[in-house]
Amino acid sequence: MPSIDLAAIVSDIVLEMRDAPDRGRPADYISALAKVDPGKFGIAIVMADGRVYAGGDADERFSLQSVSKVFALTLALGKAGDQLWNRVGREPSGSAFNSIVQLESEKGIPRNPFINAGAIVVADVNLARAQPREALAEFLAFVRYLSEDPTISIDEEVARSEAESGFRNVALANYMRAFGNLHHPPDDTLSVYFGQCAIAMSCRQLAMAGRYLMLAGKHPASGHRVVSAARARRINALMLTCGHYDASGDFAFRVGLPGKSGVGGGILTVVPGFASIAVWSPGLNANGNSQLGTLALERLVSQTGWSVFDSPQAR
Amino acid sequence: MPSIDLAAIVSDIVLEMRDAPDRGRPADYISALAKVDPGKFGIAIVMADGRVYAGGDADERFSLQSVSKVFALTLALGKAGDQLWNRVGREPSGSAFNSIVQLESEKGIPRNPFINAGAIVVADVNLARAQPREALAEFLAFVRYLSEDPTISIDEEVARSEAESGFRNVALANYMRAFGNLHHPPDDTLSVYFGQCAIAMSCRQLAMAGRYLMLAGKHPASGHRVVSAARARRINALMLTCGHYDASGDFAFRVGLPGKSGVGGGILTVVPGFASIAVWSPGLNANGNSQLGTLALERLVSQTGWSVFDSPQAR
Amino acid sequence: MPSIDLAAIVSDIVLEMRDAPDRGRPADYISALAKVDPGKFGIAIVMADGRVYAGGDADERFSLQSVSKVFALTLALGKAGDQLWNRVGREPSGSAFNSIVQLESEKGIPRNPFINAGAIVVADVNLARAQPREALAEFLAFVRYLSEDPTISIDEEVARSEAESGFRNVALANYMRAFGNLHHPPDDTLSVYFGQCAIAMSCRQLAMAGRYLMLAGKHPASGHRVVSAARARRINALMLTCGHYDASGDFAFRVGLPGKSGVGGGILTVVPGFASIAVWSPGLNANGNSQLGTLALERLVSQTGWSVFDSPQAR
Amino acid sequence: MPSIDLAAIVSDIVLEMRDAPDRGRPADYISALAKVDPGKFGIAIVMADGRVYAGGDADERFSLQSVSKVFALTLALGKAGDQLWNRVGREPSGSAFNSIVQLESEKGIPRNPFINAGAIVVADVNLARAQPREALAEFLAFVRYLSEDPTISIDEEVARSEAESGFRNVALANYMRAFGNLHHPPDDTLSVYFGQCAIAMSCRQLAMAGRYLMLAGKHPASGHRVVSAARARRINALMLTCGHYDASGDFAFRVGLPGKSGVGGGILTVVPGFASIAVWSPGLNANGNSQLGTLALERLVSQTGWSVFDSPQAR
């Protein structure tokens, strides 16, 4: 357990981020995202023992977008088990997050479950012959269970907005269908995908939802296993190698924690055994990851020694 | 500190690997590598407190090949500092280890220092206007210092053999020279590169040499810093995201430790704060990483809980 | 005018093709195409002076598929003029006919109007804010006018079959829409595209329809210009450089005439000033072009000297 | 035979080109090329009956560069016959002229003999176990024979300059060597390649040298065959589909003649049965082809009807 004063560290970070001049640019390809106030910044840390440190706009909900892919993957692994890896790879993509090139050379098998194509396959698994609405209800129930918060919901406006402008994702889905790597009608699978991305959560809710990943797969309230320890460890590994699009290497270099970002400006990170952390600020850097969110995590890790690449004894 | 019986675990692993039926295939593109006995397997673990556990062919020397890139990078960072990152990226490559495609689309800047192109740039930095022979002498002195073993040497036959058949590397070097990202004549830079790859070490020597990466950059004998704690952490991050060619994601998924493999069949891995580990077995899997070396590490981690993606408290 | 005995040449070709052992394989991705008898072979030559030489199954209708792209392009150039070239390139593609890779690197601008992506843009131009059904009626009227045959029609079963299995084309259309290079809803544009491809014609009808391309743009019956002489010449140029997918160079090398092939097994070729030629045999070679159709044209050209790369004086 | 007044047409073209404001930019990657006066323009037309029309700087020698690849290919086909096509393809490349990407995906087989990689294989064939100096002497003798001019020579300064800066070509050669598609030491093959490119000729000499391509392979002076009619036709086909790098489609579209350009600003084109034409102006367009040379040919063809895509009867 850290002897460091986390409350003070969080407070300092919030102050620094409030006045940070270079805040990046909010995503503008979905109108619902473009109108979010770029001045926002929130952070929430849930410790292994249940203590919570939060600051800034930690209770304001934002669109989870790709961060939701962590929960969708967890759910899909429960349904398909390791068979899932026949349909999705586990390697960093080495190119832009919506790239279709790699799909062509690798015959419709996406490189990993966190690029869009991979997450569409995951949504296809989660659809599982049900109706899209049912699959989304199940996903929502799962996230509410993880965060112990029944008020979490899907932002229908965002979901609709994505469905209307998501031509690249329609292309990806149909392309994989052509290779036989989609088992439902592309429109149905995409309904699930767009719905999952449109879930809205606050930093506090997100950090709560991520606890099973720091606790070797256990749900802290019930003590039940969400996933096995081995699976939790592997999801963490995937977050570290593939969680930040084509800047995953840079995030590992600067922050050194498993993490997943979304174009809504949120990032979920995990310190195995110690903490589940969520940060949010809508402005994105050139790689599509939250500019201040990444900076805040860099500050946090440098003061806590929480990087998985540092000695845990030094914490 | 682990209460586990490491000696017994190592002994079990050696037994399992001795009889493993599927041993992969040794690299055959260099004749000197192709004639190594595929029945070999060695492992050495150096703990933070200096204890050593070794088994199998832990004292037989093998060709380090790409594992040497870790030490070459460390040396180059000492010379060029973070300026190095203007000439080499820090992202997983997403394609075969000798791919030239990415170099074209990214204007001669290799994706990371562990793919061949990146390591050639690193060799170019280490050459630093000296003669290739001088640069190699400096590199050798550095590795001897890290491992506290003055008997380590470069296998001249292997170096010659690589120089004679390394047409792809000659292509890579000249290609980067065309983009201005090589500062010396390609032949000189390649002399350094081939020489670095041809260094021969045993598992025990290699695990000794890797200690600074588990000790936040410190040399255990002298207490001097080889690199700063931040730099050690970052080298570990790079090893995790980029250390196993296009199977880095898979290694993170299965083993969950920073590691660097070579086509000689060696792998160096680090458990920050706990252990520096070297394994060796010449047979390679489809991705060019040691088949039994990877399996041995998977066994070791599953019994010790040493993955950086598991709670360190559980160790 | 040739003094050669064309009737005899055609008759010899028909005999040779009837017994040819290596007939390629009919396309099987559309069920309607897969069930065509691979024993079929037809040829029709319409000379500049109106004489017709036909043989084999010259009057059996087959699915035009990509051969229709020549007429669709001609129609689109009439609507959009040279503005069309802002949305489609004029270069050979250098990769498989349904490749999506190039679209990504060239920002949604297809390389030429004869690859699928380019032909979808052409269909988008031909849709021109009308209903798909109206656009198809206009296209059909145009082809009937060119061939002076009001019985030509669209095979609705084939059109439906393509719409049901054409996931790659749906992907291409949505992908270009994401880049803004489609101006109608992808489903509407694809209706036109699939309908155009599903037009059914015999060799005789097809050779008649191609006459304007040998006659510097003139319709032989009316004497009216279908297109200007410059445009006819340019369409011929595009057929030669891009008309046979990634085997266009090979077709130029072996046959040496502007030509456009389709996966239905048809090929339309033009000898400027001399002849419009259609051949058909359902079996395809490895590049997706009619195996016997190509061979028949090779025979024809070697006996007539009609290659555009030979001296016309020698004909 | 044309009744048009070619002398007047040539004279008009020379006048227009003399004052053309947009002249492109001379290649600057070789210092010897960069210092050529961009105001230069020359044209020479040799008719089938031997008449010559020339204008502008038709007698000033320039560096042939890639135009030489036509003669090198002709020579190599004489040595290797159609076996050559096992080592080089015949398809347009669809990417920049020095692209290495395609080589990787196609295992070291260049797409065609006119891209650099393909021409290096051609040089490797022409080397044929001789010394580079002997191979170059043979090549020079061949070009002198074609043009009936013993004064043609290789510009040693240009050859040296290319050898010193040609890192990309060194990369290409070594890359193909790695795939086994080079049979001599890369340095030797490159000596031949750089020497061939460095040959210097005037428009008049070049148009003379190209006569065999308009005359179905015959040398007009001796009546001997340089190549068979079929081979001449095929070389013409390759020039049309692949002769202008990634603008071959555009050249076919605008000019409609088999042609080969070089970064020295020269273009050789052939009107089968009618004319062999050379133009030269050092400024290049964005695709690396002579800006005014291409424009001059466009003018010439529009006034003569010489495009192979037009009716020959109309000439």
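For reference, chains read A, B, C and D in written order, and residue numbers begin at 1 within each chain.
Assume contacts are C-beta pairs under 8 Å (C-beta built on N, C-alpha and C of every residue); 3 or more make two chains touch, one makes a residue touch a chain.
For clarity, every value in this text was computed on a predicted model and none was experimentally measured.
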item	value
Centroid comparison with subunit B (C-alpha atoms), farthest chain	C
Computed distance of Cα centres, subunit D from subunit C, in Å	31
Chain centre separation in whole Å, for subunit C relative to subunit B (CA means)	56
Contacts with two or more other chains, residues of subunit A listed in rising order	none
Touch-based graph of the chains, sorted into line, ring, star, complete or other	ring
Interchain contacts, given as pairs of chains that touch	A-B, A-C, B-D, C-D
Touch list for subunit A against partner subunit B, complex	48, 89-95, 102, 111-112, 214-216, 229-230, 232-234, 236-238, 240-242, 246-250, 252-253, 256, 258, 272-274, 302, 307-314
Subunit C - residues contacting subunit A, complex	99-101, 103-105, 167-168, 170-175, 177-178, 186
